[in-house]
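My questions all concern the structure below.
Chain nomenclature is as follows: A, B and C, assigned in order of appearance, with residue numbering initiated at 1 for each chain independently.
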C-alpha cells in the first residue's frame, strides 16, 4: 500500500524563475546593449559633428580677400573647439575657387562631389593617415569685385572621442539595465517566496500532525494551492477509509477466530474428562467437524483480506465472466466437500466482458457458490448472462436463501460466525468486490428458488 | 668640455643639417638609442650620462640638429616609413605637434608619463620634458641699472626715442631660420597687442635678427648687442654661470615657458627610447635637467600642486592648437609681415 | 516406503507422522533444516514432505540443494501462504506437488502416492509431439522440459486430443469425454472455453488445436 514517493527533487521554483528571468534579461540585455550602442554611436556622432562643423565654420568665416587674394587667418579657437576631443588628430584644408589648395593638409579623401551653393555642410567618413576619421565640408561663397567663387573648407578629426562617448553612453545604459535587472530578479524572488509561503505552511501543518490525525486541512489558501489541499484532503479521506476497513477487519477477525477456537477448546476439555469411549469418540468427531469449518472460515477471511487488498492495488483488466464460472466448476473443490451435490453451468456462446480483477471476482463468485452448496438446496446452478448495460454472474439453488437482508452489510457477518457457519462472510466478500468494480449484489427469491447475482457494468468490445 | 663648446659655437648657423654628433656609453651596448635633438650636446650630455649610469646596457647615439632641418628630416622619414631615430626632442614644439598630428609618433604608456600635467602631453605621443622661459638678456656693463627693461613696455620705451643708443643693438631670432624663434614670435603675436608695436620698434631701431640662441647671447656678452629679446632661458642661464656680464630678465608682463617636446618616431616605440623618456620625466631626470637650467626650479612641470612662481608665466601647451603655428598660409603671412616690417625700415 | 517429513509445528508433525505409521508408511520427522540434512545424509527416502517456513531457513533452499546434489526423490511442499504466486513458485523451484495448510491427511497421502506413481511410471509410455511431452500414466505434461500446470479437465481434454490426434472431436464428444462420469452439467459452450485455455497453455510447444468449422477440433502438430 505504501508506494514510496520518489524523493528526487527537481529544480526549485525559485531557481526556475531565476533562470527564466535571467535568460530573459540576458536576451533583453543583449538587444538593449546593441540598441544602446547604436544610439550611443549616433549621439556621439551628432555631438562631435557639431564641433566639427563649428570649427569648419569658424575657419570659413576667417577667410578674407585681400588684393584679390584669399587670406586664411587660421583661428586658434577652431582648434580649441576641436581639442574638446582631447586625443583626436585634426585634419583641415582650405581650397580655393578652382580647387587649389590654399592651406592645410592636401587631403585626397574628399569625395568627388559637385560643388553646391547650398550652405548645408556635408559629412563623410574617410581615413586620415590610416586612421578612421570623420570629416565635414563647408563652403563659403565670395562675390566681390576682385574675387568671386566658392571656397571650401574641410575639417576632419579621428574618432577616438566619439567611440569613447559611444561606449560611455552604452556603459551607462547597461549599468541602468543591470540595476533594473537585479531589482526585477529580486522582486521576482520575493514574489515567489510569498507565493510559496502557503505551501510551506501546509507542509509545516502536516509535519506537526499526529500520524493518526487524518482530519481535513484548513483550505484557506490561494486557489491554485487550495486545489492541491483539497486533493490532499481527498487522499487523506481515502486513507482514513482504508484505516477503517483495516480496523474492522482486525476486530472481525478477532471475533471470528476466538469463537470457534473457544468451541474447540471447550470440546477438547470435555473430551479429556470423558471416560466413556463412545461419548469421547462423538466429541472428537465434533472437534473434527468444528476444525474443518474453522479451516473454511480461515480461508474465507484470508480471501476477504486478499480481496480488499487487491481491490486497492491490483491492476484491472478485461475479463470474460464465463471463464470465472468455468474455473469454479473446474476447481472441483466442492466435489470433495459436497460429493453428492450437482452443479450446473449455464453460459452462452458469446463472451461476457467486464473490467476488473480476475482473482477478486473469482473469490467473490466462489464464496457465493460455497454458500449455495453449504446452505442451499441442490441442484446448484452457476450462470453468466448479460443485459443491456450489465454483465452478471449468478448462483441459484432451490432453497429460500439466507434469513438476513443484504443491506445490513458487514454487521451480520458476526452473528453468522457463532453458528459455525460463514455465509455472511462470503456475502460480505461478494459485496465488497461488487462495490469495488462499480457493481452491486442482487438477491431474488421466488418459486424457482434463491438466486444471488453480482451485477457489473458490461464492457463492450471485441473478444478477448 | 669648454673646447667642445667653442668648436660648436663656431659651427652654428652652418648649412650642415646635422650640426654635431656624439656617442655615449659602450660601443658594444645591447641597445643603442638614436637621439635627435635641437638641444646642444653640452647642455644635455650630463642628463644622458646620468641615464646611462642607470642603464649600463644602453648606449645613446646623440645627433644635434637645427629645428627646421630636424622637422623636415623626421617628417620625410615618416612619409617613407623609415624612421632612423628612436627619440626626437625639439624646442620647436609646434613642429613636434604637427608630427604627432601626422601620425608620425608612437604612443608610450607608463605611470610616469601619466603623471605629467595634461597641457604637456597629447595622445600619449608627445611629452613636454623641460620648462624653459623665454627671457630677455642684456649686457650688465653696457646697460645701466635704470635702463634694464622688466617688461615689454619697458623695452618699447627704450626703443621709442629717435636715434637712441639701442638702435641696431637689439637682437632677436630670425624667425625664418629658427623654428623656435618663429614660435616665440608667433605666440607673442597672439598673446598680446604689444607685439605689433614691438616689431615695429625693432624694425625702426634696426634690430638684428639672427639665427641662434648662442650667437645672440655671445653677441650680448661681447657687447655687439646690448639687449636680446626672446632668448631661451636655459642657454642664457648656462652661459651666465661663467659670464657674469650677462643679465637675465623674465618679462613681468608675461613670460612664455617652453617645454621641449619629445616624440618617439614611427608606429612602434623603441623600448630603450621609452625608458629614456621615462627617465627624463622622472623626478631624477627632472632634477638632473634642472642643473642645466632645462627645468627651472621655480616651476617644475611636475610640481603641479605648487602655484607658479609668477602668475605671468604662460606654458606653451602641447596640443592641436599649436597646429596653427605650422599652417602654411599662416606661416607665409606671418613671415610676410615680418619681412614687410623689417624691409620697410631696412637700411 | 519411507518418507521424510520436515515440519516445525510439533503437534501437526506428530499427528501426521502417527497417521503415516498407522497406514504402514515409515516416516522420519525433522523439525529443522539441520535435522533434515542429517537424515538425508544417512538415509534414502522415497518421498519428502517439506514445509516452507522453518526455524533455521526456508524449505525451498533445502529443495534447491537436493536437486543440485542430484537427489530426485519427489518433494511435496506444504505452504501456509495464501497466494497464487506461491503455487507457481513451488513448481519453479522443483517441487513435484504442493498442499495448502490446513489439509486433510487423506489428501496428503493420495498426493504422495500420485507423486510416487508418476516418478516410477514407465517413461516408454510417454508421447512426444514437438516440444510437448505427454505422460498418460503419470498424468503430467511438459513443454520443453517444464511442467505444465493443467487442471484435471484440461489434462483430460489434452489426453483425448493427443491419443486420437488423427481424429476430429465434436463439441458433443468432448463434453461427453470430459463429463461423462461427473455430476456437473456444463453445456456445450464451456467446451470452447476449455479449448481456448488449453490453446493458451500450449503456446510455445509447437502443438496447437485447430478448429474445423462445423465439425469440431483436432490436434495440430507442426
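The rule is short, and it goes like this: a residue touches a chain if its C-beta (ideal position, glycine included) is under 8 Å from a C-beta of that chain, and two chains touch if they have at least 3 such contacts.
Note that the structure is a prediction, hence the values are computed from the model and not measured.
Participant: Relative to chain A, which chain has the most distant C-alpha mean position?
Facilitator: Chain centre farthest from chain A's centre: B.
Participant: Compute per-chain Cα centres, compare each with the mean of all protein Cα atoms, and return the closest chain.
Facilitator: Measuring from the global C-alpha mean, the nearest chain centre belongs to A.
Participant: Taking each chain's centre as the mean position of its Cα atoms, how many Å separate chain A from chain C?
Facilitator: 51
Participant: What whole-Å value do you get for the distance between chain A and chain B if each is reduced to the mean of its CA atoms?
Facilitator: 85
Participant: So how far apart, in whole Å, are chain B and chain C when each is placed at the average of its C-alpha atoms?
Facilitator: That gives a centre separation of 126 Å.
Participant: Going by the contact rule already set, what residues in chain B reach two or more other chains?
Facilitator: Nothing qualifies.
Participant: Going by the touch rule set out above, which residues of chain A reach two or more other chains?
Facilitator: none
Participant: Give the residues of chain C touching no fewer than two other chains, as numbers and ranges.
Facilitator: Where chain C is concerned, no single residue meets two or more other chains.
Participant: Which residues of chain A touch chain C in their complex?
Facilitator: Within the complex, chain A touches chain C at residues 291, 295, 298-299, 302-303, 306, 320, 322-323, 326, 329-332, 335-336, 341-349, 359.
Participant: In their complex, what parts of chain B are in touch with chain A?
Facilitator: 100-103, 118, 122-124, 190, 319-321, 323-324, 327-330, 333
Participant: Which part of chain C faces chain A closely enough to touch in the complex?
Facilitator: 82-84, 102, 107, 151-154, 183-187, 189-190, 192-194, 197
Participant: Using the touch definition up top, name the residues of chain A that touch chain B in the complex.
Facilitator: Residue positions touching the partner: 71-76, 79-80, 82-83, 86-87, 89-90, 94, 102-104, 128-131.
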